[in-house]
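Chain naming follows the written order as A, B, C and D, and within any one chain the residues start at number 1.
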Amino acid sequence: SDELFLISGPCVIEDEKIMMTVAERLKEISERLGIKIIYKSSFMKDNRSSLDYYIGPGLEAGVKILAKVKEQFGFTLLTDVHYPEQCAPVAEVVDVLQIPAYLCMQTTLVVAAAKTGRVVNLKHGQFLAPENMKHPVKKIEDSGNDQIILTERGYTFGYNDLIVDPRSFYHMNKTGYPVVFDVTHAIRKYGIPSKDSKGGAREYLPVLARAGVAAGVDGLFVEAHTCPSEALCDAASQLDINYLEEFLKPLIELHNVEVKYRASAQELA
Amino acid sequence: SDELFLISGPCVIEDEKIMMTVAERLKEISERLGIKIIYKSSFMKDNRSSLDYYIGPGLEAGVKILAKVKEQFGFTLLTDVHYPEQCAPVAEVVDVLQIPAYLCMQTTLVVAAAKTGRVVNLKHGQFLAPENMKHPVKKIEDSGNDQIILTERGYTFGYNDLIVDPRSFYHMNKTGYPVVFDVTHAIRKYGIPSKDSKGGAREYLPVLARAGVAAGVDGLFVEAHTCPSEALCDAASQLDINYLEEFLKPLIELHNVEVKYRASAQELA
Amino acid sequence: SDELFLISGPCVIEDEKIMMTVAERLKEISERLGIKIIYKSSFMKDNRSSLDYYIGPGLEAGVKILAKVKEQFGFTLLTDVHYPEQCAPVAEVVDVLQIPAYLCMQTTLVVAAAKTGRVVNLKHGQFLAPENMKHPVKKIEDSGNDQIILTERGYTFGYNDLIVDPRSFYHMNKTGYPVVFDVTHAIRKYGIPSKDSKGGAREYLPVLARAGVAAGVDGLFVEAHTCPSEALCDAASQLDINYLEEFLKPLIELHNVEVKYRASAQELA
Amino acid sequence: SDELFLISGPCVIEDEKIMMTVAERLKEISERLGIKIIYKSSFMKDNRSSLDYYIGPGLEAGVKILAKVKEQFGFTLLTDVHYPEQCAPVAEVVDVLQIPAYLCMQTTLVVAAAKTGRVVNLKHGQFLAPENMKHPVKKIEDSGNDQIILTERGYTFGYNDLIVDPRSFYHMNKTGYPVVFDVTHAIRKYGIPSKDSKGGAREYLPVLARAGVAAGVDGLFVEAHTCPSEALCDAASQLDINYLEEFLKPLIELHNVEVKYRASAQELA
């Protein structure tokens, strides 16, 4: 479809009430803007900086909450998997299995996700030249699955900083699969805990999102929370859901212009 | 003004016939698209890789040709200066004095350009964090000149590659001066002579230009030539002027959307 | 100990004859140079670019071969683990469990390795600021294990290139644990298959190793093979074992000078 | 010569008394360590961040002070030139003309320096792949001068940070000319004024210098001052001259080992 879609939800699965409130707000935005939304949240954060930080409710409890969101609001669901054995049980309920960026090259994991037959959302590793994303894509195809999404979330730039390279969208679009831009992770400042408000650079969200959309994407990925400063993960980078609708409006318009001229980008290129 | 403007012309001043043909084509494009165009060409390339390469006709002969272009087509003129003593004589004819990116921190040059009273186009050094562009800006202001343009042209990314960071436009816009995106220099591959067609990556031109415009610019900078492969400088990166009009159309539309939502970018930020 | 130690062996476990020949050569070098050597080889490469590439003999068969090497030559053993359930069975035979660089932030894996009670060699992620290595270190300590080694293997620098930052050794040394420099992985050129001789830049091995040793390390990591061009993994980057002894000699001397002045580095710093 | 040499002195020419005291201290160190020292100081800093900062005494007054240093202590002199017309008058007194890193690609300047017949010290631009230093080298040779020194001083790494790549020494050594490592500039933190003590990261000086020397250099460049915190430029990065002797001792020993094995580095490479 030529319509921009959105992947959104709280970073990690928290209290059920928060999950449902976010879902309700997303439902309203989806209807008002006429934008398809995939509900995303993680049952397990396996790469946090400390054993003391919240990592989510775990697979079983987490999937249960996601199932309720689906049941009540009808959303397509997305969550991330970290170990091969998680893929099959998650796939019973969740529609899109996401491979975390650090793990995009882990063959066993990628193949296990592919073999569930569900859509696989492959995040672009912060250390991988974008044209090399064709390699994990091929692993999924070779496992008999051609339902693939590719997601950009920023590339290593010096220490503790990520850069969004518009050329990355060019390369990922060449695979022929839908391309998504995860803008809220692109503004994380590693080296600063995410509960510290300096751990994210939200001032860049509009400019990055606009650039990415104009460079050519099919979907956006925006983690959103009812109260980001109290979020249990990525507190410094999630978007306050109250700003989401205004945030999206220019992006939808920019996307419509970009789609109109997508073919001409390829001709000139 | 809210209208996107264009800085264009051949990289270096070549044979008068080529200069006039490019000017004529730019004039037509300007009229058909209703876009203001500033005519740019260099009288001297002072940072070429070899003494054997063409460096342009020199100040006197070069300015004479630019004057003819102005006289015949009415263009505002832009050229770059490399040494302080060039500023005054160039300013007699040329409207916009450009400080080359490598030289953006050279105080004597920047001050000499500022003191001509002409508009100064300050290119963003490939080695300078974009927020630090406020320093050379202040040098110009402190020299009594507030007619300033800032131009992005890519930032050092590993070896022999430049990256365009959308956040750079955010920072340069905060100065309050017009911001331009020089897209043809951003695709140069240093380490490969520009006469080798691999010395530029033109396939990225549409995606980069679209991203930059959506990130928020006032003008574009696109070097153009009637036959780039035979151009005497930057043969691998200049745009064939036959493609320029189609190249600009989506950019104008994207710019119109971005301008409409520019204020909202700042509110969310 | 103040003596430089070496981690070496073929990248991936191949035919038993090759494994034994390399071990024999390493034994000779160890005796002639008086250098302690840890024998390293992988039973599984989980991040190769294609499903068609060799990934090793698997855990059971691989560990069996490593056990023979230990039995026959008395080497301390090191191998890498990719999934938590591999840790306990590997730890039955192998002395040092290595966390791959891409996986250094995966909590479940790091904790599972720590809980075996074996030494954990934590590779420095190509995307992690070196001072942030203290976080996975703390996860291991918090799991009750303080037998830790940290290994540098290059940091993301633009696309398809790694850089070795001498400051990384400074930061890793501050943890108080032994620091190792994996020089053969630092010269890999991603984006080029390792069976292509351009997939590695061996010309940099001496200069990188010398710089790293003088910056302050306790050990070196050099993958070595009897015939690298026919190696089943990292053919372009492993060192021909015939060159290993000459390669090490200056490094041992440089290490001895560095150790003598290690305290003064900290005073001036 | 196989002996390590040193380029040192205060960053910018200050009060004559300071200049002489530093020279006296350098003379003592030179004699005690048996190391040849070239006295360096700048008469003009043309790339400071603000018009309000001290830029030095200017060419005439500056060269006069340098001449006194030479007369009294017998040092070979080095200073940097920024504009072509400075080269001839500087060359009347100063033995080594230095091209600043940002200006290494400026043909007119480089040629003017070359044509004085003095030694030219070409600093490696923070934006130039090290193998491309052969281009400005060739410009000097083509101007009839083969007395060239190449100096590394760090390469752009993300924003406001420089990295020292050991591979740079490999490439610069391939030119066949003496290679120097300027370690005090490599620790500057741009974006922070040098009068702020956070504007430099002195803790890295020993580790960087040791790595660079072991990678293969002929000389070191260390700006030194009697009281860096009160220095009029680069206050955060110059070395306190009281630490210089201890700083140099391990470097001389490392250099002696490296020289002994320099040929073997090339054989393995």
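Points worth noting:
Here, a contact is a pair of C-beta atoms (placed from the backbone, for glycine too) under 8 Å apart; a residue touches a chain by one contact, two chains touch by 3 or more.
Because the structure is a prediction, the values reported are computed rather than measured.
Note on interfaces B-C and A-C: more C-beta pairs are in contact across A-C. Distance from chain C peaks, on a Cα-centroid basis, for B.
Chain C and chain D have Cα centroids separated by 36 Å. Here the spacing of chain A and chain C, counted between their Cα centres, is 33 Å. Chain centres here are Cα averages; for chain B and chain C they lie 48 Å apart. For chain C, residues touching at least two other chains, in rising order: 157, 159. Residues 157, 163-167, 169-170, 202-208, 210-216, 243, 246-247, 249-250, 253-254, 257-258, 260-261, 264-269 of chain B touch chain A in their complex.
If you check the complex, the residues on chain C that touch chain B are 157-159, 161.
If you check the complex, the residues on chain D that touch chain B are 46-51, 55, 82-84, 102-103, 105-108, 111, 125-132, 135, 138-139, 142-143, 155-156, 159-160, 190-191.
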